[in-house]
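The next part holds the structures, each set out as structure tokens.
Look at the two complexes coming up: chain A is in both, with chain B in one and chain C in the other.
Now for the complex of A and B:
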């Protein structure tokens, strides 16, 4: 009866990743919204502040950073929404696979689909605001560490608010205090690089926080979902 | 993963002792006592709102029972103990509307594995969806979506089937399909719990019945 072949962990992880990326690709219109938002916001800065390149150069790093993180927030509350609505999440929870690992894969897929396009256009955004070329690698490093951190922290909060309707507002309020340290360290690295000072320390802090989040956030996310659906 | 043959014959697959559930101090159902062994079918009958779906969610381990206890192969049921051995078909089918039936089932297999000698195309043929393998699920009718979910039963190697209203949205041949799937599953030593508010035709012996009252 139970004469079966159980899939291995790697196989299951790939299944989750492949499905979520296929879904993201089928709905790539949704995927473009954060990118479009970031482009519009960045192009409005010179209009609002004046095209004076010295001023723009000074704010460029921080403006791009905040714009990218805000653009990510647009897509954040959709992270598990469709899975909860169509019952996929229940099926995932009943699968003989560790839920935390599966949630980790879902967060990774979400990051690949929403944050990676933003990182790809970040040099363009930075160029629009005259960010010095020497600071560009630091900006990319800061974004590569800050955006997955935000996805992981966001994943926990989305899971916590999974049972509630219209959780978007609550989510934004809860995420704000978690965003602040991420922005401070990322912006610190950019400011230091722009003044020609060593910038490795804040980047290392971001890296450390990311390592911690990679390990702990999927566990917290799985636990939160079990609580949220137990009602 | 314990094989079904490892369990002593006297230990039922699933046993409920004085199981009860409340929602905001209003009793939803219970206290319920039942034993379900391998090769047995149990029908849960009751009107709308009598707590059938709540009972199902408790039996999957998604919801914690508030009273009584629930044993899986003689030990308290937790989601990690029964995961992979239980397949749940609820009102929400767990299908992705943007993916085709084939892609949806490939994902199921990726998580659960599949029975030997079963494959996606064979399962889709058996539930009568030949020709729809690559259509997005959102373009299928409600009954066809249900059939995609039923194909999952053919693929997932589970001992216990929990089917919540499996007959909803199905035409006459679909209802016969569910009955045939259940009979084959029971005949192969599986167990199933089926909720229904209508009459169920089952030819493989007399099933146990539980009646819930609103």
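Now for the complex of A and C:
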């Protein structure tokens, strides 16, 4: 008799997550690149705009947001790259477990590996631009909600470009319309906090969007992957 | 019964039938578009009264407003075609969706250019981050994304299906962008800009506007026909009906 038992759903999810995190940890250098990039971009702002702290304080929130977004865009291209090259993505598509769940786990692993270091370093970036300390918790809250949203939206787009060879610029072009609302709400919360106004409403909108994206984006990602690799 | 309509539509979705149909439709559509466009231009530039505040500068709306309508209308057509292409895998729907994208992008571009030409005279600036302007710009980027994704695949059908999926994501995204941008703008500055509402427009200005709208729609139909014909020939280049057309071309 053949053993027809399959690994359970939770077990499979954990396996995908552990595998991706191990792969990311084995290449710690690559993980640090977005962080380094964000540091360099942030240190360029005072050079370009002048070292007046009043001006820097005014743009600090938005500058950190855009820097983190660009750093994530830099890493987005590599989300499924190695899995497509070594064929493990096709194996995942053939697996009996629902593809959407597996993609959700992969996106989670990618977020943990790229966005979390950026969030850890965000207070430093904000400090370099003299963001007031009182706004710092709002910045962290906005980033904690906005970066997974970007990872989820980016995951759909990366899946769409899975069948193409070069996709760096293309990803930026496709992500821009999708990230406009995210940037608006995150920056809106920061601006409100900096002016001493209530900032909970835009954060709540971000949270609502994140809940929606957590449910829908993995499904869309799986559908996009099936279309893009169907040949 | 009206059974012939679905039957006729079903037949029309076959590439050779659509190729002939589009070939017949195209010259009529382009002729009517040019005729109505000239009438609308004459009506708009000569017959319509000058605006009491803006003088003759407002006359750019006879290009600007129909282009803006078309930029949204064509995205809608593209979205419907993309949905049909993904659900029923009809080849013609893929072709129509992908042929619509460059036309829509062109209309969006015209809208932005004429808008900023008007803006520099009326508002004193080429560009302002108003909600409508920003949404239109995002719409242009959506079109460009669809076009770029389509061309980044070697297999055209796969490219078309993938880009169709992106177009559908865009349809969900357009209202979200619009409302978030409205929210963003009203937080920072009160709306100081009022576009001409349809109810406050003089009747002498309405009919050239509507005529131009019909003309741009007909132009879209004509352009879509010729683009879809070319795409169909390229896509079906191995088939018999294409070979017959090619042979007839050589002989004639």
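Methods note: the second predicted complex is superposed on the first by the 229 of 231 C-alpha atoms of A that agree within 3 Å, B and C clash if a C-alpha of one lies under 4 Å from a C-alpha of the other, contacts with A are read in each partner's own complex, and residues count from 1 in each chain.
As a convention for this text, a residue touches a chain if its C-beta (ideal position, glycine included) is under 8 Å from a C-beta of that chain, and two chains touch if they have at least 3 such contacts.
Keep in mind that this is a model prediction, so the values were computed, not measured.
Asks: Touching A:93 in the superposition: chain B (first), chain C (second), both, neither?
Replies: After superposing on A, A:93 lies in contact with chain B but is clear of chain C.
Asks: One more residue to check, A:26. First (chain B), second (chain C), both or neither?
Replies: In the superposition, A:26 touches chain B alone.
Asks: In the superposed arrangement, does A:163 touch chain B (first), chain C (second), both or neither?
Replies: second
Asks: Give one of first, second, both or neither to describe whether A:85 is in contact with chain B, with chain C, with both, or with none.
Replies: It touches chain B, and chain C stays clear.
Asks: Quick one: classify A:7 as touching chain B (first), chain C (second), both or neither.
Replies: first
Asks: Tell me the contact category for A:220 with respect to chain B and chain C: first, second, both or neither.
Replies: second
Asks: Just checking: does A:230 make contact with chain B only, chain C only, both, or neither of them? Give me first, second, both or neither.
Replies: Both partners, chain B and chain C.
Asks: Overlap of the chain B and chain C footprints on chain A, residue-wise?
Replies: 230-231
Asks: Looking at the complex, which residues from chain A come into contact with chain B?
Replies: 1-7, 11-12, 14-16, 18-19, 22-23, 26-27, 82, 85-88, 90-97, 102, 226, 229-231
Asks: Which bits of chain B are touching chain A when the two form their complex?
Replies: 1, 3-4, 60-64, 79, 83-88, 90-99, 103, 106-116, 157, 159, 188-190
Asks: Can you name the residues of chain A that touch chain C in the complex?
Replies: 156-157, 160-161, 163-167, 170, 173-174, 176-178, 180-181, 184-185, 188, 191-192, 220, 223-224, 227-228, 230-231
Asks: Can you check the complex and tell me which residues of chain C touch chain A?
Replies: Checking each residue of chain C against chain A gives 86, 134, 138-139, 141-142, 144-145, 148-149, 152-153, 155, 158, 161-162, 165-166, 169-170, 173, 176-177, 180-181, 183-184, 187-188.
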